[in-house]
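Shared between the two complexes below is chain A, which has chain B as its partner in the first and chain C in the second.
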Partner chain A sequence: MSRHSFLEATLQGFTRAVSKALQSEHAATQPGLLQQLDPRVRVLGIFALVISVILCRRIEAIAAILLVAIAIAVASRVSPASLAKRVWLVVLGFSGVIALPALFLTPGVPLFVLRYATLHLTITVQGVRTAVLLVLRVETAATLTTVLVLSTAWTHILKALRSLHIPAEIVIMLAMTHRYVFLLIETANQMFESRKSRTVGTLSGSERRKMTARTAGVLLSKSIELSQEVYLAMLSRGFRGEVRLLTDFRLKARDYAGLTAFLFTGCVAVWMGR
Partner chain B sequence: MHIPDGYLSPSTCATFYLFAATGWYAALKRVKQLLATRAIPLISVFAAFSFVVMMFNVPLPGGTTGHAVGVGIAAIVLGPWASILAISIALAIQALFFGDGGITTLGANCFNMAIVGSFTAYAVYRIIAANSELNSHRRIVAAAVAGYVAINASALVTAVELGIQPMLLHDASGMPLYAPYPLHVAIPAMMIGHLTFAGLAEAVISAGMVSYLQRADLSLLRGVTAFARAPGTMITGANGEVSPGRFSPGRLWWVVACLMLFTPLGILAAGTAWGEWSSADLMNPHTREQIGAASGNHAPPSSVPSGIEKLSTVWTAPFPGYAPRFIKSPAFGYLISAMFGVGILVLASLLARVAARKWPGRNLHP
Partner chain C sequence: MASTFEVQNISFSYEAIPAIRGLTLHIEEGDRIALLGANGSGKSTLLRILDALYFPSSGTVTFKGDALTEKQLQHDEFFLNFRRRVALVFQNPDIQLFNPTVFDEVAYAPLQLQWSKEDVIRRVQETLRVMSISHLKDRSPYRLSVGEKKRVALASVLVLDPEVLLLDEPTATLDPKSQSQVVDLIQQWKGTAKTVITATHQLEIVEDIADRVLVLEAGAVIAEGTPSEILSNTGLLLRANLIHAHRHFHDGIMHSHPHFHGHSPHDHEH
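The block that comes next holds the complex of A and B.
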């Protein structure tokens, strides 16, 4: 590991987060199927499909929902290539590794025996089905969530959450957190970059840890200071602890049709996959 | 530790949403009482801070790096209730906006990291730090242990949730339908990584930040109400530290009374408590069968071990089996035992208070 790799990894993480957010903002403005529906229908519909994925017990039914998710993505101007890069490969790398031992550890009917010297590993039919079921379920749910995020502006997701009766305080906290995440990412990014540009020579492990903790400490002090300023700004604009959100959405005929289609697909999948 | 959608069964997801919702409701109520109008901006910006800290690559001994959750420092600076909200909001943003952690598993993830993590971190920090000075080294050690224990407690709860899935749901052929590994695989697999890297990352960031704040901004270690400046809610303790909440002995008595009333629930437990066997249990064929079944089908020794036999007669309890001999109803016996036990503790507490008043010069907390 190079001497600054932990710094670079952190900086890359910040860049990835910001670029993901920009990608979402851009995709949300594209004219597509989901973008034309009311955000509440999008959120409720996609949540209903995610729940149906969790309720399905058959591989075929979950695979059918994945196909539906890909069709929705394409119709919403989200390319399968970006889904593969952002979701499928990442999930395969994580859940695929987790599911791999299940091939051998799940007891059942032997399908194939791997022999190496004295080592005999038996892959069972049940093991293969368990691993495929897990990976497919995670891939499908993650695809649906990503399609929702890529087709809906964050402010619209928040307003839609209000329709799920989530308390207004929580929704406003989510909105404010999302806003200040990017400001604090920028602040932390600048701190790490300036530190990196001033560092000459090799930092010992202890110095690296101190540097990370101090940066986090400075960021905490700045955050508390920022929250105080935000609070005073809210007070000066008349905030008295009551939260009101503007909900200017109106459901149209196509929204009702969309919601019916989502719920129908979810119900059919659950019935097929029971 | 972020469980994605698909690993937990619908019933587990629903149960943990219920647990998490209870925690969120209680935390929101408590935080609003404590911070009033200051709560929303403070929790929001702190959640954003927690989100960013989760992205830090923390250098660890051995040249590797790990990610911290930041629950240790959140519980130390904000107290457990506000920490629950801040970490939950950060996790919700991760799940809803960045796809890190599932939507159906958000309740479980918040329960594991925000609720279990915050309470564990806060309890461990308070126990170890006790009444030490705010700028003492003891606080740094307390923060490190709090972060380490909290993240491992969260990981253990996560592993148990994943490990019970094959027991809860499988098809007719025994094929697991959700997370495929049983407890004896899930727990070691999860804990090895957390006892080493993740726990260490949390310990490093918690201790390092407390050490930094001791030198740069001590006010942040005094408790949330101290720096949040909500008038009329400050309760100053030792060292100018501010308690995160009001302690009400009256409420505590109600809790104790409820717990006493529920003690007969113990009768519902089947079998014997593992490792609490008497000589008679080890000789009785029926209980021997239960002991074997509860010990992974390892048969207990054919005769009573000499140590147990020798020590079993040293002390005979006045209420064996949680009931005095003259009481026939087991439920009533449990209640009497609970009242007797609580009575002894109350008496001991009153005696300690009388002793403290009589010798006020003796400081029990050096």
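The block that comes next holds the complex of A and C.
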């Protein structure tokens, strides 16, 4: 990777991160299935489905919830392509690494034997099931939460959490983190732009790694200062942990129907997957 | 009637680094004060103390006769009343803007202070119109220009119609047009009951925004006077690092004089 491609790829990454977040806010205002429901119902309903995913022990039941999650996403104007890029590939990378040893370490009926010189690694049926179960669980839970975040304005999620008696301290942390992440991305972006404007010649791999490590270090110290500043700015305008919005949350008939559907789906999945 | 702010011999440190040292200040209703000082002189810290975001390690601060302490701010009634009457505009608008749209941003403070929804909507619309930013109401604050962000940041506190406005470098980094719009806005409050305290190091705006100037150096007030008294005191401005000595050659002769940025009519006069 050349000096320019490294810096430019980093800068493009920052820009993409901000524009994705802005797209999310936009998606939350579009008419869709979840968007029509009260944010408290969305939070509770998705939470119920995530719990059912944790409780399910059968791949088929979790796969069924994943299909439901994809259907909810499509009906809420969240494209499966965006889920694939944002969630499925990333989660597969992380959970796949964790699940990989289970293929070989779980005792059971041999499915396939990998032979290399004197080394024999046996993949068992039970091992495959365990690995698939783990990856599918994480994929499904991540899909559900991403659909919630993409279909609900962040401020509405916060207010819904407070309405559901989540402690104010946690909501403050979430509120600050959201704003703070943007500031941090902007700061990192400016640092890389400044670096790019002053870089002459080609950076070697080790120089690039050093630069990234230094940037991370400076960002860490700046992040402490930024978090304090953001909190003061919120405090100065009267923030005390309560999320107050112009929108009033009022439960309608469709919200009760939606919540019932979520809970019913979750219960059926747990029963199927027991 | 009690003074707006009564600051008595306060000190404040960031860990071991002193930022304010034995500062005493008396601010009356309707005062228009400029806090002049170089970077690190304690201007922003003082504004944050006046906004009860920081509390001095020694000395006292009162607002309308009530002590500004952490304990006092814990009382709901006092908190809501104080935040309604005193507002701070941060130097960096990015810090201050954290809502998804400009409308939400301007509505944030009145909602936090528990105004009725009808009042919030009415006041927000009015403020957006007065600040000429109605066209931005559905835009995300992250995507605005610096000048627009600054106007939104100002609108987000003006919506409360506060009695006291604390402005931290309100014209820094703005283009000349946006700068003059902000100065015009501050000038409109002249002669009203609104108290405006502006921290700045831009000498060219001081006469327009203040009737009284305090010069800060290393967290202490080193001079106080009218804008003309302060701005004509070259030695003081040099000492406070607000202007610098400029040395260059003219016709082969080394020449040195104080260098003003934008303020003095005899800029670069030789």
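Definition applied: the second predicted complex is superposed on the first by the 192 of 274 C-alpha atoms of A that agree within 3 Å, B and C clash if a C-alpha of one lies under 4 Å from a C-alpha of the other, contacts with A are read in each partner's own complex, and residues count from 1 in each chain.
Keep this in mind: a residue touches a chain if its C-beta (ideal position, glycine included) is under 8 Å from a C-beta of that chain, and two chains touch if they have at least 3 such contacts.
Owing to the predicted nature of the structure, the values given are computational and were not obtained by experimental measurement.
Using the contact criterion defined above for the overlaid structures, shared-chain residue A:L67 touches neither chain B nor chain C, since it reaches no partner.
With both structures placed on the common chain, the touch criterion links A:F47 to chain B but leaves chain C unconnected. If you count the residues of chain A touched by chain B and by chain C, you find the higher number for B. Once the two complexes are overlaid on the shared chain, A:T155 sits against chain C while remaining clear of chain B. With both structures placed on the common chain, the touch criterion links A:L105 to chain B but leaves chain C unconnected. Shared-chain residue A:L235: touches chain B and chain C both. In the superposition on chain A, contact of A:P167 is made with chain B only, not with chain C. Residues 154, 178-179, 183, 226, 230, 234-235, 239-240 of chain A contact both chain B in one complex and chain C in the other. Against chain B, the residues of chain A that register as touching in their complex are 1, 5-7, 9-10, 13-14, 17, 20-21, 24, 47, 50-51, 53-55, 57, 86-87, 91, 94-95, 99, 101-102, 105-108, 126, 129-131, 133-134, 137-138, 140-142, 145-146, 149, 154, 157, 167, 169-170, 172-174, 176-181, 183-185, 188, 205, 208-210, 212-221, 223-224, 226-228, 230-231, 234-235, 239-241, 243.
Contacts from chain A toward chain C in the complex involve residues 18, 22, 25, 153-155, 175, 178-179, 182-183, 186, 226, 229-230, 232-240, 242, 244-246, 248. Chain B makes touch with chain A in their complex at residues 4-10, 13, 24, 28, 32, 36-49, 51-53, 55-61, 63-65, 73, 77, 85, 89-90, 92-93, 95-99, 102-104, 171, 173-181, 185, 204-205, 207-209, 211-213, 216-217, 220, 227, 229. For chain C in complex with chain A, the residues that touch the partner chain are 48, 51, 53, 79-80, 83-84, 87-88, 90, 92, 94-96, 98-100, 104, 107-109, 111-114, 117, 120-121, 140, 142-143, 156-157.
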